[in-house]
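Letters are used for the chains, namely A, B, C and D, taken in the order the chains are written, and counting of residues starts over at 1 for each.
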Amino acid sequence: MKDNIVIVGGGIAGMEAARQLLLLGYKPILVEKSDHLGGHVADWHCLFPDMTPAQQVVKDLTEQIKDANIFLETEVSFINKMKMGYNVMFSNGVNVICKAILLATGFDLFDASKKEEYGYGIYDQVMTNKDLEHWFNTGDDKRITGKDIKKIGFVHCVGSRDVKAGNQQCSKVCCITAIKQAMEMKERFPDAEVYCFYMDLRLFGKKYEDFYIKAQMESGVHFIRGRVSEVSENLQGQVIVKTEDTLSGKPAKITLDLLVLMAGIVCNREAVQTASMVQVPIDSDGFLKSRDNILNIIETDSKGVFLAGTATGAKTIPETAAEARAVALAIHNYLVSQQ
Amino acid sequence: MMEFGFSISPSSTMNLDKVDFSLYERLCEIEPDAKKCMACGSCSATCTAGQWTGMSVRKVLLDIQRGKEAEAARLLKGCMLCGKCTMVCPRGINTRHLILSLCRIYGEDEK
Amino acid sequence: MIDRFASGFDPFVIPFLIGMIFVLGYCIIGAIRLILQLDAEDKKKFFLSLITPKTIWKNIKDLFLNCLIHVKLWKRNKLLGYMHSSIAFGWFMLILLGHIECFVYMPHRVKLFYYPIFFNYFVAENEYTLRGAIFFFLMDFFLLVVLSGIVLAIIKRVRSRLFGMRRTTRPTLLDRVGLYSLWMIFPLRLLAESFTAHISGGSFLTIPMNMMFKAFLGDQMNMLPTWWAYSICLCIFMCVLPFTRYMHIPAEMLLIPFRNAGLTIKHARRGFAKAQVYSCPNCGVCIDACPMSIKKANIKDTTVYLNRNIRRRNEQRIEEISDKCLLCGKCTAVCQVGVDGPQMRIAQRSIRNYGLDQDYSGMDISAIKESVASEPSKDKVLYFAGCMTQLTPAISRAMESIFRKAGVDYAFMDKDGGLCCGRPILMAGRFDQARQLIHKNKEVIKASGAGTLVLSCPICYKIFREHYKLEGIRVMHHTEYMLELVRAGRLKLDGGAGSIVYHDPCELGRGCGIYEQPREVLRQTGELVEAEANRDMAICCGGSLGSLTLGFDKREDLTRNALHNLTVNDPDTIVTACPLCKSTFARYADKPVEDIAETVDKHTK
Amino acid sequence: MIYQGKQKIWSDYQKEIPDNHWFYVRSCIRQSFFPASERYFMKICRDLLGKDIYETEHHTTCGGIAYHSDTIPQETAMTIVARQFALMKEAGYKNLVTSCITSFGNYTEILETWREFPELEARIRENLWKACRREFDKPEYLAHASDLVYKFRHEIASKAKYNLVDHMTGEPLRVVEHIGCHYSKMFPHKGVGGAEYPCVLSGMVDSWGGQVIDYPERRHCCGFGFRQYLVKANRGYSIANTHKKFESMEPYHPDMIITNCPGCPYFLDRWQYVISEMEGKTYGRNGYGIPVFTYEEVAGLVLGFDPWDLGLQLHQVAVEPLLEKMGIPYNPKTKYLGLNGKEIMKPGLPTVLKCC
């Protein structure tokens, strides 16, 4: 089939692009390495700024792309460049010849245990943003369930803006996620004191500032400007957090019942491998390299290879979806120009 | 001159027009990374000496940037040079050498 | 044997005499100056060692083994070992045999010290010659040995890689003059002795050559010019020697007694330090050994260049080289003459001028003292995690767990933050400040009443061992302590850790000589595999506090190289015994990195 | 300075000032600091402009000083002020004009408070009735005396004998205007031109020929600050503020300062002496200070009244250099002669600040 399009990655970017391509009359092939669509969003509970249920978003998208060829638990084994396109071999044995490939490979959540000083995987009461969303979804986490939680801390920028963690970039969504989760925790534990430890609050998106004000006014979240330097544990199994309250210019420590690490967004390591098969290099920020970062962020220097979503850097869901729509059009235009 | 029993109170305003940046500029010459600091406070929070001597790399750097050399010197005297701040700095600043450099350039003019 | 000349003299010995007097004078004056530069305590130590039979014997042994035989080099590289010992030992034997010959045959000439050197020119064989045949043979034999060394040296100069050296230093102009004159000495001696072999006698080398020369050169006109050339070459070599790398030959003869006397570097540029600088043969072995050398930009920051720049008094370069070094000590481990690179650098750092000095006199540490204070007890253990361990809480957690499992009565000295041990500031060359910290920490340790101090950081361990002088308290690194617990049966290991590679932290291995204790523990924990370079050849993780100037971004390649070395045998886990190594490796490793305490804790029955 | 920008703001803050029939309340301290100012204000209003202006000897302090120095609660101040309103009602006036800026601020604050909390006003009515059996009406208009002078500045200019110009060169004088904080910083819409760029004084300066200078600390407090000055331990803060203002205006070489508050001219004038003694520094030309005037004194000078009748001999900073610059004749011999030609004694001279 001459108009075959392969979409690598079944997250928001891949799904939305597939949806648009279906509307344009194509029948894209979508491969997803995990057993479900929706990527990281499928693991989330509610989404800022309107607390939309994440499952609903994934469900809506999934329904609208059921006409596409979707391979779950499938990876790209290799890609060969041909004269007019690409020969893509999947791990399930299917072999496709296509003209356009969309890398919607998304991101990896930073492995919080790499910041050993924060004690993830060492201390009982330390969890990540993802663990907390999992608890929101299932109510099952021994760090919270059945525990008397009186003080909760959120550490911003874990694995973001940190050369020591190998990622200098801002992950863009953690500030607002931390505030969202802080408020959600406050709802569930009204008597608890909630602290956010931040370096800068980067609340740039639609209605984010409203969230911030709400967190201050309604939830009474305490914001402490200082990066957490290290965490230790006391005899009761609580965690003791050390930071500097830079606004008062004094080192500070606080005992918490639960510490949530806002693990940041780093490039998907497997995506790097797939991208190298089609000669898409890595940009200096560690994400896939676009043709340029102003007008051609969804295009690459390799003919017929397109990018969308967090493969090129941290993005919110609306930004990702917008890019996915744009990339569908770009692919369409490309295919028309090839005829 | 008369004695009035009171004198003009010094201003608490930092007059940035009159700040002497020479020490900071000299520091940046030998430690360009000094400019990288985003004042996150990791160094001060982790500082071994901090709880005993009040040392804080972040404050030292801020003081130097604001021309408050005497304050910075007071803090620097309490550094134990253990290097923990260098370990945690998210911007990868070699704070330990920065401290040594500062100690060296203090009073360089008098020589 | 009889004298050919009644005077026993020929003008051609004059160049040799000039060279010999110059070099002897220079070295004797130099040695006296260096000895005078020692402080009173060191002087006493040095002179005492010269009359103590034990050190006398050690000096002789070391001088023979190191200066002549180059045993250390033999161990490392047979070809290089042969090359060096053939020249050094061969030449020494030529001189020694020459003197013995002279003593046996011409005792009345012994006082002319050029005579044994040019013996073959001044004597003629007579009917008793056969008695000397063994000497003729030995002389020719050792000349051949030396010549074989020279041939190797020439090959090495052109193709150093054949000798396993990837990088070496570029000789200076004077070095070249010295080198070429040294090369020339022995072929010229061969020629000279060959030309006179029919008069003075010779053996398997000189006689056939003499006959060959006779066959196509005919007359004896060449005899005197070759002896002149030989003498001039000796003169050139000896005159340039003090200004070249060959100064290491006489300097090492002073360095060895200095070291055996137990001296340490007290001053950056004088006495013992100076002896080290001049003992450096500029061989460049330290270049390949240095972990920083994997980056081209760092090659000129190795110990050989430090010595070179100290000799040239290039202060700016001395500072750069001293501050960049990781102080891992590998250069010292491979060094033939034992130049102590880390100590030399710390000494250079100590003579800086600071406008601001740290001062902890006003510091109140009663809170820590109170937290650990208890009645003195031999069985009590005081655990000091150290600053770096605060950032790797898994280690202190594992140690506490181990203490509990083994039923140890312990106190955690810096659970709530402690003081720095003083080693980092010592490494920065600030000795007074380090002393203050040592003093403060000692107060706490004494107050604790513990009988054993256990440390999990090798950086702390080294300074506690070397500078704290804690009478009555055992200072142990946790690797040693765990071994003790295992041996006493207080810890039982299950051996299920899979394959483990052990990384020797610089401060623990080369710094304190602890190599086998952790290995013994790990053998019972899992299957121990070795890194390509291990024990005293281990490669620094790159995270060392020793380097003052090496920035974070400049260290990644070093760490990756060290990781590569560790993982050649594809272990499941990388185990180290230093919090700094652990966090440095963990940053780039694709295998789990653990401290030995974590591994042991996980695999205790 | 972009003049048009300020004009736009001034137009947003215009204030209705009644034309005639005023009930005038004097200041507690001005009569001793600048004794001729209030007298000449009345004189100008009555004789020159022919206005009806009434004052009564039953009038007391408004309580502002006590209120601002935390010695009485606001309710007390309110009752005092209610009594002044009762006096006005009894005299049959509806427009209140205050001489003092702090009174103006105090009256404004009280009226605004009553507007927000009518129950408080009712209680004060009760208090006043209990205390002295008086009843009051709130004034229809509240103005500060400088508002009136501002309103009639053009008329005064038309009758001027001298202008705020250097009579030798014709260059306008460089004038620093300083407005009391309580004039419009508390209630910006109550002052002409609002709080940021009030034009009540600059309007006078403009129409009388001077040039207002705009210096960085123009809006800064004179340093009086009640609590800061009244308590000696805090007095260093008071003078520090004055010092800051002078340091800021110094590069503009002002010829004079015009003010509309009781405290400001006093402190700007006397602190120049104290600063000269403390720091050895003077801010005028040739070792003199910068003369400081009330707006009434400036109006009086412009209209050609005798400087000594205007009470200028009571200033610490000598005014003679300015008089000479403006071309106003004066008799040095009569400087220290009182109303009846009686010697009022000559003050001692400062060590640093030059005086005549």
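One rule holds in what follows: a contact is a pair of C-beta atoms (placed from the backbone, for glycine too) under 8 Å apart; a residue touches a chain by one contact, two chains touch by 3 or more.
The model shown is predicted, which means the values in this text are computed figures rather than measured ones.
Peer 1: Considering B-C alongside A-B, which chain pair is linked by more C-beta pairs in contact?
Peer 2: Greater number of contacting C-beta pairs: B-C.
Peer 1: Name the chain whose C-alpha centroid is farthest from the C-alpha centroid of chain A.
Peer 2: Result for the farthest chain: D.
Peer 1: How many angstrom lie between the centres of chain B and chain C, each centre taken as the mean Cα position?
Peer 2: Using C-alpha averages as centres, the distance is 40 Å.
Peer 1: In angstrom, rounded to a whole number, how far apart do the mean CA points of chain C and chain D lie?
Peer 2: About 87 Å separates the centre of chain C from that of chain D.
Peer 1: Taking each chain's centre as the mean of its CA atoms, how far is chain A from chain C in angstrom?
Peer 2: 53
Peer 1: In chain B, what residues contact two or more other chains?
Peer 2: 46, 51, 87-89, 92 - these are the residues of chain B that touch more than one other chain.
Peer 1: At least two partner chains per residue is the criterion; list those residues in chain D.
Peer 2: Residues: none.
Peer 1: Could you say which residues in chain A touch two or more other chains, in rising order?
Peer 2: Chain A, residues with two or more chain partners: 117, 163-164, 230.
Peer 1: Per the touch rule above, enumerate the chain pairs that touch, sorted by label.
Peer 2: So, checking each combination of chains, I get A-B, A-C, B-C, B-D as the touching pairs.
Peer 1: Under the definition above, what is the set of chain B residues touching chain D in their complex?
Peer 2: For chain B paired with chain D, touching residues are 1-2, 4-11.
Peer 1: Under the stated contact criterion, what part of chain C meets chain B in this complex?
Peer 2: Contacts found on chain C: 323, 352-360, 362-365, 387-388, 390-391, 417-420, 422, 424-425, 428, 430, 433, 437, 545, 548-553, 580, 583.
Peer 1: Can you list the chain D residues touching chain B in their complex?
Peer 2: 232-233, 235-237, 239-240, 243-244, 274-275, 277-280, 351-352
Peer 1: In the complex formed with chain B, which residues of chain A make contact?
Peer 2: Per the touch definition, chain A meets chain B at residues 117, 157, 161-165, 199-200, 225-230, 242-246, 249, 251-252.
Peer 1: For chain B, which residues are in contact with chain C within the complex?
Peer 2: 33, 46, 48-49, 51-53, 73, 76-84, 86-89, 92, 94, 96-97, 100, 102-108, 110-111
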